[in-house]
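Here the structure is laid out as structure tokens; the discussion comes afterwards.
Letters are used for the chains, namely A, B and C, taken in the order the chains are written, and counting of residues starts over at 1 for each.
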Amino acid sequence: MRFIFKISYRQDLGLFRDRFQRDWYIALLLGLLALPVLLPDYRVDFSLMLIYGLCGVSLMVLAGYTGLVSLGHAAFLGIGAYAHVYFAQDMGLPWIVSIALAALVSAAAGGLVGLPALRMTGIYLTIATLAFALIVQEVFNRWESVTGGLKGKAVERPTIFGVSLQDDTSFYFLCLALLIAGLWLTRNVLRAPTGRAWVAIRDSEIAAQSMGVNLAVYKTLAFSYSAALMGVAGALFAHQVGFLAPDIFTVLLSIQFLLMVVVGGLGSLHGAIFGAIFVALVPVGISEARDVMPEWLGRVFSVFGQDAGSAVAAAVDGFVKHPGLEPGIFGLVLVLFILFEPQGFYGRWIKIKLYFSQFPLYKRATFKRQKSYMRSERLR
Amino acid sequence: MSFFRADSLAMQFGGIKAVDEVSFEVEAGEVFTLIGPNGAGKTTIFNLVSRIYDPTSGRLLFEDEDITEVPPHEIAGRGIARTFQNIELFERATVLQNLLLGRHARKRSNFLEELLFLPKVRRLELEHREAVEKVIDFLDLQSHRDSLIVNLPYGVRKVVELARALCAEPKLLLLDEPSSGLNVEETEDMAFWIQDIRELLGITVLMVEHDMSLVGAVSDRVLALNYGRPIAMGTAGEVQAHPDVIAAFLGG
Amino acid sequence: MLGTVLQLLLNGLAVGCIYGLVALGFVLIYKATELVNFAQGDLMMLGAFTCYMFTVWYGIGYWPAFALSVAIIGLFGAALDRIILRRVIGQPQFAAVMLTIGLGAMFRSFASMAWGSEIYTLPTPFSAQQSLVAGVSVSHEYLSIIAGTVILCAVLYAFFTHTKLGVAMQAASQNQLAAYYMGIPVKLVFSLIWAISAGVAAIAGVLLAPVSLIDTNLGFIGLKAFAAAVLGGFGSIPGALAGGLTIGLIELFSGAYLPEGFKDVAAYVVLLIVLVLRPQGMFGTVGRKRV
């Protein structure tokens, strides 16, 4: 077991817990820089993973740290995407200006949702964000001069300071840079008074208020900041998919973002990233399985005869190629996590680490959840 | 000139008068205690003072300023901090984070500075930390500094809540049943701390309490309430001997 | 002109009844177990598909298929409670929300695998029939929805007020612990509540099927039913029905008289306005945490 000696208050203010952690992150960064070279076939998927990472951080700030669960974050992604494409392509603004404006527009929309959200609690807020997202989606459908309506809108590759990022590798690095920037900014806010105020609102609004936290200001701020991050992610997302249509930004996408933060582990930035990796890579895994699994299982079952083998192969083929499979798998994963590991991947990771660091003495009860049967969250 | 004054304060929930024309004055530097049977309106008065409820009528004056209309989040900045009867800590945060949040009313950095974590923010954070460490030393919380609240026993949580209120550097401290749920030893510690808070830190204390040994040990003046109305006022001994108080508690 | 208005009124009421029934399911479960069931709309979708399967694929006739599918979905609801949802009672509300969202996704996935992603129409004994009332042609399908809702509500009302079990359910929903001490088998009651809500959802699905079309996205009607439940104050059964009717009427009339596109979002716009002006819904009361 490693013990960290604290000899200065500055130690608790650092970006990382200690220098071991910092070294690990530097190693991770080197790995990420080498990734497109190591696995060139998956560059596009990795870019999507980084964009989802930004989305995860955005929703984590709101749901995981401030306790405001939004079921409408796909709307902010869409607002960022359409705004960026409109500013950069239709108005011809420089890329940097355009993405900053997209973040601002999205932040303004976030503030707009945040304001009425002040009067709502818990599930009502979730439903309100859902309603907002559905309305925004309809606006995407109808506002054809900006969004191109149902016909959609083609998106060009980004050109930054005259340098055109045509290939997938440079786009990957762009996404990586913005994700790191987003993480750095978010970490800064979280270790400052504003981040503490958000956590306070999550755990006890009334105590936060009595200690001087202005609920209106900090809730709106959380919404705006989260939406701004989502707006940046949306701008990148627009380049990633290359074509915008209103039916991309559905409730299902919002649900996928929530799944990300739950599966990753609520209340930690690590969790947001773990969740993004999971959500971005499961479809890749499924598509790999589509190619390999029927044949492989068919071969296994052909020990019962050639007919059994080909029958199984055909059945499995039909199953894994079914378009309804992927959302079902996401649903199943969500159910399993809520039931068995509500702290998500990050919680499991902490437990495994603790198990090894305390090896013979680990107590399972350390993480036992307290159930409360008090009816405190009831809506009357 | 008065330190804190409640002027014919009244609070009505539907048809029930929880607080009915209560007036009292707290002088700087004293420990003032409210007692009374359950439902006498003690906690309601606290919620009125900390502005969680809007009074039906009456006025609140703090350092000769009318605070009846001040929004609840500005109360801490004016120098009034409180604890809660059933503990309202930030459970999934560490003790240190809870105490630092206690400094929120003294926050001087804005969002953009924090976003970039400018040197100014770092300097202010260090100042907050030093103030918090003084409170940690004062209440002997060193060993719990980095534990999450959910992992702490009830008695310690009670102390952490007191510490969080002290971190706001209040002039008036509201303690809502500081001894509830504590054992005899912990209650004695609490009595010493309340005395120290008044004598060493010079903070005025307004307290709601049931444990008469604690009330007798620390309070300068006691106000007894029943059905939202004041029935007796004086030292702990005088109030305890008052026939109306005995009647209220024993139902005579 | 008057004819159109009456026509819209009737259709709006019928659609509103469906929203109301689904909202009723939300409210029943919420009142009893404090869980918000985001999969209610998907249960309705499963009900409609099951009925279609029995009617068309197995050809057992509309009425037996109706009864059978309601029974099956009801049992399924009870099983859901028994196996899965009971585990999250007492955990933060958010856990149940995510859990039921996940279940809903699984139901849709299952439906698309079991019944394919085609769009079906459910034939009924009263399909394509209409009568002329006061100069307005009234389609029997819409009429059947309204009649079905009225009958169902009467039955539920009688059940909850006049039977011992119904009263026990009310008791359990007001105070679980006290009801448990009074000898009410609270766990069984919860399963029954789930069975009833799932059954109600299935009935809504079967009633809606002739008017709408059956596909795997039928469950998204649940979102509008949500608006209905919130409008009615979430904890109130009459509120849910009233909310459903309001949403149904607003939707049909805005579809007829407002520019294109408003029909689909009218329910949500109303919902947002209500939440901003009266966060507790039309019939709810304000609740504030006590300290």
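Heads up, the rule we're going with is that a contact is a pair of C-beta atoms (placed from the backbone, for glycine too) under 8 Å apart; a residue touches a chain by one contact, two chains touch by 3 or more.
This is a predicted model, so every value here is computed, not measured.
**Student:** Would you kindly say which chain has the C-alpha centre located farthest from the C-alpha centre of chain B?
**Tutor:** C
**Student:** Quick check: more C-beta contact pairs at A-B or at A-C?
**Tutor:** Most C-beta pairs in contact, of the two: A-C.
**Student:** Suppose each chain is reduced to the average of its Cα coordinates; what separation in Å results between chain B and chain C?
**Tutor:** Those two chain centres are 48 Å apart.
**Student:** So what's the Cα centroid distance for chain A and chain B, whole Å?
**Tutor:** The separation of the two C-alpha centroids amounts to 41 Å.
**Student:** Just the number, please: Cα centre separation of chain A and chain C in whole Å.
**Tutor:** Chain centres of chain A and chain C, defined by C-alpha means, are spaced 32 Å apart.
**Student:** Show the residues in chain C shared as contacts by 2 or more other chains, in ascending order.
**Tutor:** 291
**Student:** At least two other chains touched by the same residue of chain A: list those residues.
**Tutor:** Where chain A meets two or more other chains at a single residue, that happens at 206.
**Student:** Please list all residues of chain B that touch 2 or more other chains.
**Tutor:** Those would be 52, 84, 88.
**Student:** Where on chain A does chain C make contact in their complex?
**Tutor:** It is residues 69, 116, 119-124, 126-128, 130-132, 134-135, 138, 141-142, 205-206, 251, 255, 258-259, 262, 319, 322-325, 327-335, 338-339, 342, 369, 371-373, 375-380 of chain A that touch chain C.
**Student:** Spell out the residues on chain A that touch chain B in their complex, using ranges where they run on.
**Tutor:** Contacts found on chain A: 9-10, 12-13, 185, 188-189, 191-197, 199-200, 202-204, 206-215, 221, 267, 370.
**Student:** Please output the residues of chain B touching chain A within their complex, sorted ascending.
**Tutor:** By the definition above, chain B touches chain A via 50, 52, 71-77, 81-82, 84, 88-93, 96-97, 100-105, 107, 109, 111, 114-117, 121-122, 125-126, 128-130, 133, 150, 164, 168.
**Student:** Could you list, by residue number, the parts of chain C that touch chain A in their complex?
**Tutor:** Chain C reaches chain A through residues 30, 34, 36, 84, 87-88, 90-95, 97-99, 101-106, 108-113, 117, 176-177, 216, 220, 223, 226-227, 230, 234-235, 260-261, 264-265, 268-269, 271-272, 275-276, 279-280, 284-287, 289, 291.
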